[in-house]
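Presented sequentially are two complexes of chain A, the first with chain B as partner and the second with chain C.
Let's turn to the complex of A and B:
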């Protein structure tokens, strides 16, 4: 066991090492891996952004939402409609989607001011179920193309980025989507980090831990809850735009547009660690890995997996996810990040700076 | 007038199924204070059990009863093995575990029964095209009448259980104050397991009726009814059994009227939407439902 002082050269060396390792992996994926593998990572990044947005509302503020798939869908549809029907350049659709989702998020938060816990869960459940129904509504077909959704959303020119050079063809598009998703992921992470470590973030945690006490301490419950819901919706819409740009398709029954999407975001956040900044990142990568690995399990598998799941033609992927979720709740209630922190603490302990020592001393 | 009567009747019949499922949610909520997100999926799996018993040659009524027993065992087993243990660790954990069960049961049903050709589910009641009576010009199908009678009968039994038996008293005691209930010698653990069991058994019955109406079984059977049921429980107030029943019937009638009188705007696709928007509006003005009690918190 090693003890390291916060802010000491050793601490900085450890941090630099960590960042370098991550940077290595991030660059290694698009340069060395197959196109389908790159696609899986982009998919993971999209999900991580969505889970991060949910984390703001659920993990940090303690307001249950299973309606985030609707915000994801709003983002996806905004991008598809603006690009295809109105000829917008894809870059601007991010802003439009964020603004629309922010407004919708704030509106949905209004009943959230008065209702709590289970009732809030059910209102957001209603939102999640309502969104695909509305999109399929025949009176809105002029906008959303009804049940068949909007396909072949194309952007013609891929901007030439300084280091990447010119990206061409299908593989080039995959690499471009990967970097786009990565940049957005970093931005989302920084926004969340900025929010959480600010005065605003402290009031979120105060609301989560004890709403009455937070109000007594001077936190404006109304403004804080509405704003955090709006911000979270806007971030989730960005993930939706990204998904549409990556796949070129959005349908009302699409993977993350229905209630199942909300469940996936929640699962990622819980598995990674709710209320932590790194939770969604770890959770998203683990989810996509687990999903892609277990999808192939079935009658063709051999060995233990064949013995366990060979009796059914259908993939046990969802069952395994459910089991994983239960195991996590029992073995690591604070998620994988909580688990990693606990194990890491046995190797290296970062001793925090004593409070007040970094203040400039006034001469006496 | 005939149309109105027809819509009201159809609505009451569908609504009584929602009410039954909603009552299950309320029983669980009053007992343990949790929302069982997997209520619908547990009902769905029990309906497959029912179908399986029937396919093995048992009469349908016996199969349904066995399905309800299986539901009771499943519900009580889940409470004892998972919910109770995770509730000790964290409150939000129970919600997460019920979502995990939602995924798990759905996938499991698909894996076990999904590859057979679509299951034909016989109805508990006569459901040939000419099995109906005309009252005041409206068509009253025997199946709908049967569903309504069975649902109302079961609800009546439940209210007797709550109000007149010692067990019902114990359930109410645990719901209002678990600590004191334990102190006066009520076996809280048994009561909680039984609440989950009763809720799941009621789900099994409503599953059999929904399956009979649909005519075939899929793993998606109970998803929409569950949404309606949760809308009913929310509208009625999660801690009020009577409220859940009234709200279930109201939602059933309301959606039929809306879909029937505005076929161009609402029609069949947006029926569910009407129910959801209604609860959204109601919660804005009455945050704990129409009949729910407001929770007063001590600071």
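Let's turn to the complex of A and C:
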């Protein structure tokens, strides 16, 4: 076990090494891997952004929301409608979607000012259930195209980004979608990090831990909850836009637009580690990997899986995915990030800088 | 302690008059009136259920009284929302601890300093001045923790630490708001004898150092009588006696309320 002082050269070296490793993987994926793999990573990035947005509201502030699939859908539909009906360039729809979702998110925060816990969960559940129904509503069909949804939502031509150079064809689109998703992931991460590691972020956790005490310390509960819901909705809408641009399609029953989407975001957040900045990232990568791996398991598989599940006509994929997630939660009750932190503390301990000006702190 | 000890010409810092609070049919406070002068330590005593904590929660805007007025430094407190109380310079500690258990001691105190910062939603996203403010609040909070003897524990989560330690953390967190007026709700409850003595000294010394006025709700009679300048005794939501510690201590009505002596 090594002790490293926060802010020391060794600490900076460790951090630089970490960033370099991540950068290596991030570049490795689109340059060395197959198009379908690249697509899986893009899918993971979309889910990570959505889970990060949920994490702000639920993980940090403790306000249960099962309605985030609606924000995802708002993003997707905003992009689809603006591109197809109004001829917007796809890039600008991110801004529009974020603004619209921010406003809707602030409105949905209003019940959270009065009700808590399981009751708030029910209200947001209603939002998740309502959204697809609303989209399919006959009187809104002029806008949403009803149950059949909107298709061919995409960049007409792949934009040329300086470093990437010119990308062409289906493979080129996958690479571009990957980088677009990555840039938005970084932006989302930085927004979340900025919010969390500030006076505003401390007031979020204070609300989660003890609302009455937070108010006594001067935290304006109303404004804080409304803003964090708004920010969360806006980020989740970015994930929705991204998903729609990547697949080119959005339908009321589409992936992550229904209640199922909210459950997936929740799952990723909890598996990765609720209330941690890296939780959704780890959770999202693990979830997408597990989902794609288990999907390949047919009932005719050989070996252990064939032996265990061969009797069934159904694919065991969902069951195995579920089991794997249960095992993860059993081994890492505070999420994978909690587990990683615990193991990492056996190797390196980062000693925080003592706080204070006058007197030296003792105890090290 | 006589009235001449503090300049009686100065206005009252807190003026409570005719405050009535009812929960359903139960009258928790019944037309309570008292005043605190700047710089005083005012003890609020009374048997269990006398309404001390209710009074407390009225001043910190958790309960809304059905009638009466509370004036702090010339301002009508009852028209101020709960989260503005800290900005006016009023801080409090809680009887049964209301800490943020998942946060470290340092972060707890930094939340206590919330009213001292100004980085909000937009500036935290854009990171304008956030790092600087974090450093300032962090140092200020660290100094307070060190002063209250909690320095070595500052990076530990509040969860799972001994009760006496957490009581001191409550005081540090309240002081972080740089209050003028500190409300302490039974700070000695659950402490050992030695800890109670130490607490009395702490209250007196922080009063001097931070130029505080203190409202102290306490069961621990010897501590209240030792450190208070002024004592208000309550029973069944009413004031039954008020004055210097020695006066209140010997008031037959107070003796009766505590011992239940039948006249």
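Throughout what follows, the second predicted complex is superposed on the first by the 349 of 364 C-alpha atoms of A that agree within 3 Å, B and C clash if a C-alpha of one lies under 4 Å from a C-alpha of the other, contacts with A are read in each partner's own complex, and residues count from 1 in each chain.
Note that a contact is a pair of C-beta atoms (placed from the backbone, for glycine too) under 8 Å apart; a residue touches a chain by one contact, two chains touch by 3 or more.
Only a predicted model underlies this, so the values are computations on that prediction, with no experimental measurement involved.
S.K.: Looking at the overlay, what does A:115 touch: chain B (first), chain C (second), both, or neither?
M.R.: Only chain B; A:115 stays clear of chain C.
S.K.: State whether A:152 touches chain B only (first), chain C only (second), both chains, or neither.
M.R.: Touch status of A:152: no partner.
S.K.: Is A:329 contacted by the first partner chain B, the second partner chain C, both or neither?
M.R.: After superposing on A, A:329 lies in contact with chain B but is clear of chain C.
S.K.: Give one of first, second, both or neither to describe whether A:354 is in contact with chain B, with chain C, with both, or with none.
M.R.: Only chain C is touched by A:354; chain B is not.
S.K.: After superposition on the shared chain, which partner residues are touched by A:212: those of chain B (first), chain C (second), both, or neither?
M.R.: In the superposition, A:212 contacts both chain B and chain C.
S.K.: Just checking: does A:32 make contact with chain B only, chain C only, both, or neither of them? Give me first, second, both or neither.
M.R.: After superposing on A, A:32 lies clear of both chain B and chain C.
S.K.: Could you pull out which residues of chain A sit against chain B in one structure and against chain C in the other?
M.R.: Residues 212, which sit in both footprints.
S.K.: Using the touch definition up top, name the residues of chain A that touch chain C in the complex.
M.R.: 191, 194-195, 197-203, 205-206, 208-210, 212-221, 227, 231, 275, 352, 354-359, 361-363
S.K.: Sort out for me which residues of chain B touch chain A in the complex.
M.R.: 29, 34-35, 82, 85-86, 89-90, 92-93, 95-97, 99-104, 106-108, 110-112, 114-115, 227, 230-231, 233-234, 238, 265, 267, 269-270, 272-273, 276-277, 279-280, 283-284, 287-289, 297, 299
S.K.: Taking the complex as given, what residues does chain C use to touch chain A?
M.R.: Chain C residues touching chain A: 60, 62, 81-87, 91-92, 94, 98-103, 106-107, 110-112, 114-115, 117-121, 123-127, 130, 133-134, 137-139, 141-143, 145-147, 151-155, 173, 177.
S.K.: In the complex formed with chain B, which residues of chain A make contact?
M.R.: 64, 110-111, 114-116, 118-119, 121-123, 125-126, 129-130, 133-134, 136-139, 212, 263, 266-267, 270, 274, 309, 312-314, 316-319, 321-323, 325-326, 329-330, 333
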